[in-house]
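There are two complexes below, and they share chain A, which is joined by chain B in the first and by chain C in the second.
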Partner chain A sequence: MTEAAVTAPRQLTRRRMKSRPPLLIGLCLGFMALVLLVAVFGEALAPQDPSQQDVLGSLAPPSAEHWLGTDGLGRDVFSRMLAGARSAIMGPLVIAVVAMVCGNLLGLLAGYRAGLVDSLLMRWVDLMVAIPSLLIIIVVAGALGGGYWLAVALLTILTIPTDARVMRAATLEQVPRPYVEAAKTLGVSNGRIMVRHIWPNIAATAVANSVIIFAGSLVAIAGLSFLGLGAAPGTPDWGQMLSENQPLLFTNPVASIAPGIAIALTATAVNLIGDWVYEKMSRRGAAR
Partner chain B sequence: MTGRAILLMIGKRLVALVVLVAILSFLVFSLVHIAPGTAVDAYLGGKPATPELVQLLTERYHLDEPFFTQYWLWLKDALVFDFGESTLTTLPVTDEIGIRLGPSAFLAVYAYVLTVLLGVVPGIIAALRQRKLLDRGLVAGAVVALSTPPFVMGILLLYLFAVLVPIFPAAGRGEGFFDQLWHLTLPALALALCVAAFLLRHTRASMINVLDQDYIMFARARGLSWGHVLFRYAFRNALIPVVTVSGALLAFFFAGAVFVEATFSLGGIGELLVQSAQSSDMPMIQALAILIAVLIVLANLLADLAYVAIDPRIRFEGRSA
Partner chain C sequence: MSETTRTRGWRGRRARIVSCLLTTALLAACAGNGPAGEDGDGAAGNGERPADTARTVDPGAPVSDEHIAQLDVGIPGKVTLVDPADNMEAGLNVNQLGLEPLLRIDPDGELQPWLATEWEQVSDTVYEYTLREGVTFWDGTELTAEDVKYSWDHLRAPESRRATYFAAVDTVEAVDAGTVRVTLTQPDASWQYTPAMWYSVIFQKKFAEETGDAFGQPGTLLVATGPWKFDSVNPASGMELSAYEGYWGGKPPIDRISVKSFADDNSMALALRAGEIDIAPVVSGPTGFDAAAGGNTVTTVETCGTARMSLPMRRAPWDDVHVRRAVAHAINRDDIVAAAQGAAAGPAVYAISPRLLQTLGTEEEVQTALEEIETYPYDLEAAEAELAQSSVPDGFDFDLTVPPSSAAIAEVIAAQLGEIGIDIAVEVLPDTAWYAALREDVRPLTFSATGACTPDPDWDSIFFDTDESGEPIGLNMAQYSSPEVSALWAEGLLEQDPAQRLRIYTDLQKQVAEDVPYISLFAEGTTYASTTYDIAEYNSYFWMNLPWALNLVPK
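Right after this comes the complex of A and B.
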């Protein structure tokens, strides 16, 4: 009996370690730290002015001077990559944070208090699931004229319901638990129960979900810039570089491939981190 | 669910569709008035505002009427598929859309077939080889593919198979069935891989779950062949959650198609949407928004019908109740 009780947790930890090598997550976290660093100091780190044109030196292949060659206007692709990290990261960060705050509040309210908030929220969610938000943004951005912050704002509004739905489900799971009832019996106010009692218990879900939202909006913002509906023409931006330099695939392919790989790598890293947080969190919940 | 219940479900969904389109048409109509500048500016689309042209547009779109009268008149035209003329090409919007439906439909069907093949088959293989090297490789590949959006995948495939190893064309859509198939292979792959990765993960998880069930062990114990157990017992049941998620995948699929069409300049609906959004071609945006919404709702209905067809528990629910 005692033996079984002793071995069980050890097996559990071993399986936990096996399921996702922390080395990979370490690499992902390191990579994201690097991307964040570049996003903050990108322009200062860039070996050359990212918007400096040099028509005579255009379409140069990678060399010691231009690590990733130059684009059609002779701009240094490597410097533009570094400078472009900012618009790739900043918008998605804003979306993830705002969607997390609003989504959590709405989700808590809907899950805890049912009724009107709940049914309104669920109708909104149904609509969002049926019609892809990117298509809505393309239509609205087309009518209003596009722009980076318009895209960020629209994406935030359209992301909130998905976050709220996840938080609603997590809240619904907590509401019947004894500690909530205990707090109610003690006469704790509803607002306090939601924020101080329930939220800490679903915080891990909230964090994991916003990491995944971050990855999704990174791809979405890059995609809108790719279509010319995001970052302003001329600004260094990974999505925009991808489409700008697509015609150069036959002459200087790196100019188009590099930003593409940057988008895919960053999204993969963020997704892996999100999965890992989620998995860790759900294990912890199961063990409790 | 009996035949009548299914018809009832279809009927309900079609009514919901009509309601949705009614709301959507109002929102889409309002776009013209929300857009920067006046409604005339929106219909001018950047052309110089000569008095004659302003007069013509005001009459064509009834811009001198009150807002709701304008909407009513616009809606009456829209019901007979008259959404006005493109500000970009001055051709009727409906004609422009008509010629572009073909390539988009071809791409969608092709990409769908590839998605199912590349998602379900490796998903089952991964589940059968659970925790082996092949499984790990497939799962790792799926994570990367899942995070690679279709427009990035498109560029990578273009570089690999049209520039580095030129076996596929870099753009255009080709003539005749096989030429089109050849031209659309890269775009369809770019669209399919991302969604297939999602499907692979779901199929794998669902298959692993089903293989653990008692009825599988019982079927094996009865001495049924492995192939029989796999296809008659495990596969059918594993497919249920997969079909459930396919509804959510559709939205993803439609958005991805827009990017892929823009990357490969296929001359389809998606590319038209991007062009009209870039140049604020208002009548075109309005018509496309409604068309795409209707297509998505109908596709969702089909996904739900497939769900009913595949899961007998839903089909016979009505009888036991």
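Right after this comes the complex of A and C.
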């Protein structure tokens, strides 16, 4: 048997191991899969009606009947946690996707076309980035009475410029490269060059940035709900629950801490997955 | 009703409106915090608590003989000044340690002497007060009628925050050094309590004149007669007081009092737990506070305030009395009391708190009168039957608009009305937006608290105010306009005979119960917290009219 024949399976194994996510990322992926499952089927999975009040039975500690106890109105905290996963995931997902589509298009356009288009778009971006986003959202949402989808819309509008700026920088890096010059020489349309040639090369940045936006939006929406400017009162929502159950810290600590843990774990998991995806896509791009 | 009567009514009520709004915010804050007390009255037990016991000692004397070198008091909010014409809620509780009124209201709502030893209603519109001899200010000079006149003129000046409490006053005169005469513009049965309230306190004329615009400011302070002198006020941190050795009631039992400001109940509770403060005279979220402070710290007593839901009668379908009656039957007050989490002292069913009627008759007489009034007990079948007769037999959708701190109670109400097919969406507005909504032409479905009050039933008239053309104004959140009810409120104010007044207010409540513009939810509670001391005679809101630290008793 030749040496090559002996080493080949080892290299294959090593390559396979490299392609596998590390344990931490595996845990994060598992956790996020669980969160997504709960977000889709949360209300059906909940052992009790998340909105059912039992005021006289409020503030019960964790028990077999109420795994995380009950809140100030006697509602089952565990069931509300499950039902709250949907609003925790839905809004950030919408923000990340819309911001990614719009931000990528604007970034590509500014970076590729340069000149007046770039100047106009970037001055707008400068203006938007200079605005303290959360403060503006608090003021606008406060003035308009708040609401979950209003918060999502405002966050989306204020996130697009950030994404556009990142994608412009990535595009600027690609524009002088020979493959872009070659495409131009061959007469490929500008739109096609941007979308079919440049974007695939900056996709890792796009995806990673969107994941960061998702995690940031998750925390921001929870914060707005905490301030009463997000989800409507009574809605099972992690941020809302954090606010509602805050005074219960000394009576049913689990009820006030659990939503916070869920928000922190989800945001951390998403960020770690984002980093891992970026590394993986970058490595693939470099290999190409 | 004469024009002057109406004018007085509105002007005289504006300050109460402000007071109610402020207290509403404070009490509403209670509703959102902390768990419910098992018995709905905080630390209330079956036995008599010091808070329920009356002062039996002489005016000015401490209830307990125990000497206290240092008392640390925690209050929510900051003390920015001590001018009684201008200070706000946070400062009121400590202002009373140094500033005193002429009279005191006892737990039964009866007037008792304090700085004045005698008082007399000379005619329907003239009252005379005889000052106690030997009362001195902190600089040793004697209290005179001129000081009382100056103080009340200062408090009723147009720029004073307290001006409208004195709207019925025509003149204040110093008849001689020890006699003050007050002449009203018209008979007003509720005036008798004004000289006993926290907004009628007395300070030295000489010092006020000397200091001019700086009077009452942190660097200047003031001179008064109370048992504790104001040594310093720091708007950022609190206030320092020390005993006035020459106090007319004898040497005060506490040498020094430090008042510390806190941003919220939780930080105050943790300070109590850590021993940084000895007592918090006002706690907004009793059960949450108690849990954070380590338990067995709070005492709650029932007040004369009523938290009530207002039904906007000029908006469909609330213009249908069957809808309003259906809602009245669908409300389960026990759940709402529990959701108020210690801030509610018990269910309330009447338009006027029974505590405000206690000066008009014996307990039996008042009870007999109340039995005439329909109270709409919790009964879902009756609620459904009423709704079936209405314009919306299949139910309807509506917003319940509340400030953020009231969201918990609003959710309970929404769930209860859902039982009869009324789909309520809870709309939470920031405090300022909610206050603004209360003044809009199109009023919201909401609920609010009454707040601190005198023992006179006329206090609750602010929720029924109308102008001369019968249009609802002020805090008439239900936009309720009934000529009969307006006439009865006016009659009650002019009538001097207690028995007649009880009859008038009973008739008034019967009419209101028939129309259901409001649904009373719970009797508001007031709460103090301490592991070391109790406050005797912490009854209703009247405790805050006097130097309450004189009523401290060791636990």
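We take it that the second predicted complex is superposed on the first by the 255 of 288 C-alpha atoms of A that agree within 3 Å, B and C clash if a C-alpha of one lies under 4 Å from a C-alpha of the other, contacts with A are read in each partner's own complex, and residues count from 1 in each chain.
We adopt the following convention: a contact is a pair of C-beta atoms (placed from the backbone, for glycine too) under 8 Å apart; a residue touches a chain by one contact, two chains touch by 3 or more.
Keep in mind that what you see is a predicted model, and the values were worked out from it rather than measured.
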| item | value |
| --- | --- |
| Combined model on chain A: chain C and chain B, fit or clash | clash |
| Contacts of A:G142 with chain B and chain C, given as first, second, both or neither | both |
| Which of chain B and chain C A:T268 touches, first, second, both or neither | first |
| Which superposed partner A:L154 touches (first chain B, second chain C, both, neither) | neither |
| First (chain B), second (chain C), both or neither touched by A:V55 | second |
| Chain A: partner with more touched residues, chain B or chain C | B |
| Partner chain in contact with A:V219 - chain B first, chain C second, else both or neither | first |
| Partner chain(s) touched by A:G228 [first = chain B, second = chain C, both, neither] | both |
| First, second, both or neither for A:L249, with chain B first and chain C second | both |
| Contacts of A:I131 with chain B and chain C, given as first, second, both or neither | first |
| Residues on chain A lying within both footprints (that of chain B and that of chain C) | 142, 145-146, 228, 249-250 |
| Complex contact set, residues of chain C against chain A | 32-36, 266, 285, 287-288, 291-292, 334-336, 338-339, 341, 404, 407-408, 410-412, 414-415, 425-430, 433 |
| Partner chain C, residues of chain A touching it in the complex | 51, 53, 55-56, 58-59, 72-73, 142, 145-146, 228, 232-234, 244, 247-251 |
| Footprint of chain B on chain A - complex, ascending | 129-132, 134-135, 138-146, 215, 219, 222-223, 226-229, 239, 242-243, 246, 249-250, 253, 256-257, 260-261, 263-264, 267-268, 270-272, 275 |
| In the complex, chain B residues that touch chain A | 28, 31-32, 34-36, 42, 143-144, 146-149, 151-152, 155-156, 158-159, 162-163, 170, 248, 251-252, 254-255, 258-259, 262-263, 273-274, 276-278, 280-282, 285, 288-289, 292-293, 296-297, 300 |
